[in-house]
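Once you scroll down, you'll see the structures, which are given as structure tokens.
One chain, chain A, links the two complexes that follow: it is found with chain B in the first and with chain C in the second.
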Partner chain A sequence: MGDTATILTEVFFETISFWWVIVPTIFLGLIVGGIPGFSAANTIIILMPLTLSMSLETGLIFMVSLYCSARMGAGIPAILVNIPGTAGAAATPLDGYPMTKQGKGQQALAMTFVASSLGGLLTTIIALAAMPLLARVGFYMHSVEMIVVMLFGISLIASIAAQDMLKGLIAGFLGLMIGSIGTDVVYATPRGTFGFLELYDGVPLIPALVGLFAVSEAFMIIEKRLIITEDAQKAMARPSWHATFEGVGIAFKRWWHITWTSLIGLVIGVIPGAGASIASFVAYQQSRSFSKTPEKYGTGHPEGLIAPESANNGVTSGTLVPLLVLGIPGGATAAIMLVVMQFHGVSFGPSLFEESPKVGYGMFMAMAVSYFLMILTILPLSRYMSRVTTVPTIYLAPMIISFTLVGAFVPREYMFDMYLALAFGVLGYIARRTGYHVAAILIGVILGPLLERYFLWSLKKSDGDISILFSSTLGNILWVGLVLSLVVPIWLDMRRKKNAQKDQEEIPIQ
Partner chain B sequence: MTMTRKLDRRGFLRTGAAASAMTLGLPGIVRAQDYPSGNINVVIPTREGGGADRNFRAFTSVWKEKLGTDFEPGFFPGASGRVGYEIYMGKNEPDAYNLIFGNMGPEVLNWAVQPPSFPLEDYFYFGRVDTDPGALFVGAESPLQTMDDIIAASKERKLNVGTSRMAHPASIGLLALGEELGIEFNLIPLSGGKNTVAGAVTGEVDFSVLTSGSVIAAGDSVKTLLVFGENKVGEGLDNAPNINDAYNMSLPEMLSSRAFAIHQKAADDYPERFDLLQSTFKETFEDPALMEAYVASKGTPEYLNYGGVEECAEFMAAMLELGERYKPLLTGA
Partner chain C sequence: MPLDPKDPPRQLGGELVIPVLAVAFTLYYFSSIWNSPWTAQVSAFMVGGILLLVCAMFFLRAILWLSRGQASLGVGNLFSIEDLRTGRIGLIATTVAFCVFIDQLGFTLTTFLFLALSMIILSKGKSPLLIVAISAVMALGGWAVFIWAFDTRFPRGWFEGVMQAVIANG
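Now for the complex of A and B:
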């Protein structure tokens, strides 16, 4: 214990001394995270020659800082112009963008920076302290349990559908159907690809994401002069610190919300193969389910913004746990880190903390220091970033479309993906114009294939016996949790309405 | 004495005709001198930054010196390599300036399960870079720690076995083992090497089969019990025996094998260009710089293994035959 404390102290001071690497990397990460299609993973690949030429320590700190800041960066365009930079930020615009439209973009940004940093910092510390325990989560969360986790996220469709049941469910099913396009996970039989080879691996996420959210939004905003109201524009013409501090205050008041939603991210992050998109939707769904004001979600509610942002930054520290303890990367970025670190002769796995404890602890320390420096460097910028919303839509809409089309192209470099983004844009525009919720479609597109994958694995393992879904203790506990999280809010709502009705009846008629 | 000669119209025509005849009659000489006059484009049917990318960059860093031109990769991932091959065969000119760098094991096996849109005779592999045998491994904490444990457990229940995808040489190796021992295994395609290792380590499946290079990279989180080919790395694969030695079988090596391929038409129309590609490819293997580059790219040095047209054709035929044989099990038909 004494040795570990000494190592941690040493590593902390060493990491702090690398501020000159961390600060520029934070800005790089914010930029690549904010551009759809770019991510920490493909930036590390592009910069691999540079990373490999660095010393082990510098390379490690560079990659970790980039990973954290790119995750945070993805939330910025999601809030300001309804463009989630990555699938992990897909739940962020649900409440972030309505806040921007109300002229509260600066507060929303400040809130997301605090939620992301605190969530990331907190989960990093927990991951560091409980690493051996957390590494065991993957040993219990198998395909059966993951089906229930997916259903937690997918049940968000039902919440959205509550506003207009028929339209919500139609949108959700449409999303699930689009999500089933591509070859099946077991025998690789193509389904619904219409002969397009580019669809064999399923509908690519980024074109679907930017099409449904950003391109359709560009079509919508072009009909107006500004994204925000005239009053909001006047207020934002004079950026002040007040709005930033207001956002910081709102976030800090909800410290408990940040804590438990970031823990959802941490637990989902340590499961190999699960990722930020799952975590952010599950956190949003849970946040809404246990809220006293669920009806405010989707209208610019602070908790609806805090939940997904804390969760997806919780995933960041979570993915390092299986990488360091088991040698299994929890996500794409962690997989690339594994390659780079192996290049430097570091072997991950159970022996890492015996052979190179400084590397193991150093990665978490780099994460903690990055989150700490990030809040200091980025918070002052929120007052300037939010001014993008004052740009007239005749300039903003073409810029959004250009950026998103490039973003759709980048991950696979197929022209097809740009056409696909436009097609999704048209679909999103029609959906918005006719009152269908694009988020419900997107949840189906993102989580549908994952649900199908875990479902088919489970059935394959049991030779088609459906009872496997109820064969594990943890799985059964999760099933009960799922049912409760769906039923309890309805029951509470009914009770609230009943009480309100009772109160009304008791008011004497004058 | 100075000789002057006036070139009249007839003379000009005669000279021109002779020059044209020479050019047409000896196209090889003239064109070979020109080749390569630009970069060689190489389709890679997997993602940038993966094993194929690293392997390609290491190999071409030496090959480009021999050929005197650079290699430009284009990444076309998707559908287990199918997208890249379809683009190469459908869109790239068959002029020896376009090559494809694929994995002969899983990608050819894929053709046996689901044929591509082009005839298989329209392309062929001419330069094998490496050979990496499949391996059977368990998680470090698995209750199954030996092959005897696996065989004993298989008699009580059908074991679930992780594989990166159904049409994979390691899957074939396992099915052949099951056939030999009279055991039925349940193959679970876990979509990629990362998930396949994780499946064995976390107990999602009873054990897994995968390309041994990925198993070596997993370090001490896993324990290798059997290799579907020669164990050239010894301790790196826990001194696991070759399947043929352990069970007295004669299974061809179940390899993941990266190789360069070319359009058949390009080799037919430009034999001199193809000869130059072949000869410089072979020369690359004789250069010690190749091993250095291969090791630097984290390749397993024992797996660097030259193969020419014949070796590649033999391997491709064996994969197609095995794919056809196990097709019902791989497709669930």
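Now for the complex of A and C:
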């Protein structure tokens, strides 16, 4: 215990001394995270020669800082222009963008920065303290349990569908159908690919994200001179630090909300193969389910913004746990980190903390220090970032289209992906004009293939016996949790309405 | 859903586009897996079956509203004269052109042309010099950051080729 404390203190001071690497990397991460197609993983790959030429400590701190800041950066365009930088920020615009339209973009950014940093910092500390325990989560989460986790996220479709159930369900199930394009995971039979080889691997997420959110939004916003309302425009004409402090205050008041939603992110992040998109949808849905004011979600409600942002930053520390303890990368970025660290002769796995404890603890410390420095460096910028919304749409819309469409090309370098993004853009535009929720389509596209994969694995294991879905204790507990999370809010809502009606009846008529 | 008799009938034509697309896609999808192993079929038949059912309910509701005169088959919520007035049709056309030409002309030149043309369409020809300047700065900025600095594999054309030769030869 004493040795560990000494190592942690040493590592902390060593990491802090690398501020000159962390601060520029934070800004790089914010930029690449904000542009669809330029995730932290892509950037680390692009800068691989540079990373490999760095010393082990510098390379490690660079990668971890970039990973954290890119995650946070993805939320900025999601809030300001309704374009999530990565799939992990796909739930952020649900409440972030309405806040921007109301002229509260600066508050929303400040709230996001605090929620992301606190969520990331908190989960890093917890991950550090409970690493052996968390590493076991991956062992217990099999395909059956993962099906229920996916359903937690997919149940958000039902909430989105609340305004017009039929339209919401059509959008959600259409997304699930689109998500099942590609070869099946068992026999690799091509399905619904229209003969395009580029679709055999399934629908790539970035073109879907770019089309449904960015391109369709660009086609929509040109109806108005600015994306914000006239009242908001007047408020934005007098920018002040007050709005930033207000956002910080709102986020700090909801510290408990940040805590439990970031823990959702941590637990989901620990599971190899799960990711930030699942975590943010699940956190948003759970936040809404247990809120006293669920009807405010989707209209610019602070908790609707805090939940997905805390959760997707909680995932970052979670993905490091299986990487460090078991040598299994929890995501694409962690896999690249594994390659770079192996190049430096560091092998991950149970022996890491005995052979190179400074590397193991150093990665978490780099994450904690990055989050700490991030809040100090980014928070003051929220005032200036929010000015993006005052750029006239005649300039903004073409810029959004050109840079995001090229972003769709980057991950796979297929021209096909640009056309696919355009097709999704047209679909998203039709959906927006006719009252279908593009977020419901995207949830299906993101979670559909994962759900199908786990479902098929389960059926394959049981020779087609569907009762396998209820065969594990943890799975059954999760099923009960899922049912409760769907039923309890309805019951609470009915009780609230009943009480309100009762109160109204008790008011004496004057 | 009871509608206010004072309100104009709800225009359902546009709202039917997504369900019609959904049904067409689902039927095509089913046809592509008809003779496939059960692993390729099971979840698609489940999800697709529910989607067809929900779409059928939507169509029934639409027929009910149409028969009561509460809705029409108008497509005003999808296409209107505003699309021409705001330059939306022009923006969609230039976006398609951007995708078609970027492979031949490269990122920088196509982005410049796309930005300039679409901004001029949207501004109805106002401040062309400012628009050209903004487009040039954005396109060159994109080239400098993504191609020159990061060496990202953006589509490349003669401009990128010339610049690469210039930089390589000092």
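One rule holds in what follows: the second predicted complex is superposed on the first by the 507 of 510 C-alpha atoms of A that agree within 3 Å, B and C clash if a C-alpha of one lies under 4 Å from a C-alpha of the other, contacts with A are read in each partner's own complex, and residues count from 1 in each chain.
We take it that a contact is a pair of C-beta atoms (placed from the backbone, for glycine too) under 8 Å apart; a residue touches a chain by one contact, two chains touch by 3 or more.
In this text the structure is predicted, and so the values were computed from the model without any measurement.
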item: When chain B and chain C are modelled together on chain A, clash or fit; value: fit
item: First (chain B), second (chain C), both or neither touched by A:197; value: first
item: Partner chain in contact with A:424 - chain B first, chain C second, else both or neither; value: neither
item: More chain A residues in contact [chain B versus chain C]; value: C
item: Touched partner set for A:413, first chain B, second chain C, both or neither; value: both
item: From chain A, separation angle of chain B and chain C (C-alpha centres, steps of 10 degrees); value: 80
item: Touched partner set for A:329, first chain B, second chain C, both or neither; value: first
item: Which of chain B and chain C A:464 touches, first, second, both or neither; value: second
item: Contacts of A:62 with chain B and chain C, given as first, second, both or neither; value: neither
item: First, second, both or neither for A:169, with chain B first and chain C second; value: second
item: Touched partner set for A:186, first chain B, second chain C, both or neither; value: both
item: First, second, both or neither for A:143, with chain B first and chain C second; value: first
item: Minimum C-alpha spacing, chains overlaid - chain B and chain C, in Å; value: 6
item: Shared chain A contacts, counted only where both chain B and chain C touch the same residue; value: 185-187, 189-190, 413, 460
item: Sites on chain C touched by chain A in the complex; value: 14-15, 17-19, 21-22, 25-26, 28-29, 32-33, 36-40, 42-44, 47-48, 50-51, 54-55, 57-58, 61, 77-78, 82, 86-88, 91-92, 94-96, 98-99, 102-103, 107, 111, 114-115, 118-119, 122-123, 134, 138, 142, 146, 150-155
item: Touch list for chain B against partner chain A, complex; value: 48-49, 75, 77-80, 82-83, 86-87, 113-114, 140-141, 158, 160, 165-167, 186, 188-191, 194-195, 197-198, 201-205, 217-221, 298, 330-332
item: Touching residues (chain side chain A, partner chain C) in the complex; value: 38, 43, 46-47, 166-167, 169-171, 173-174, 176-178, 180-181, 184-187, 189-194, 215, 218-219, 222-223, 393-395, 397-399, 401-403, 405-406, 409-410, 413, 415, 418-419, 422, 425-427, 430-431, 433-436, 448, 451-452, 455-456, 459-460, 464
item: Residue ranges of chain A touching chain B (in the complex, touch as defined); value: 42, 45, 48, 138-139, 142-143, 183, 185-190, 197-198, 200-201, 272-273, 322, 326-329, 335-336, 338-339, 342-343, 347-351, 412-413, 453, 457, 460-461, 463
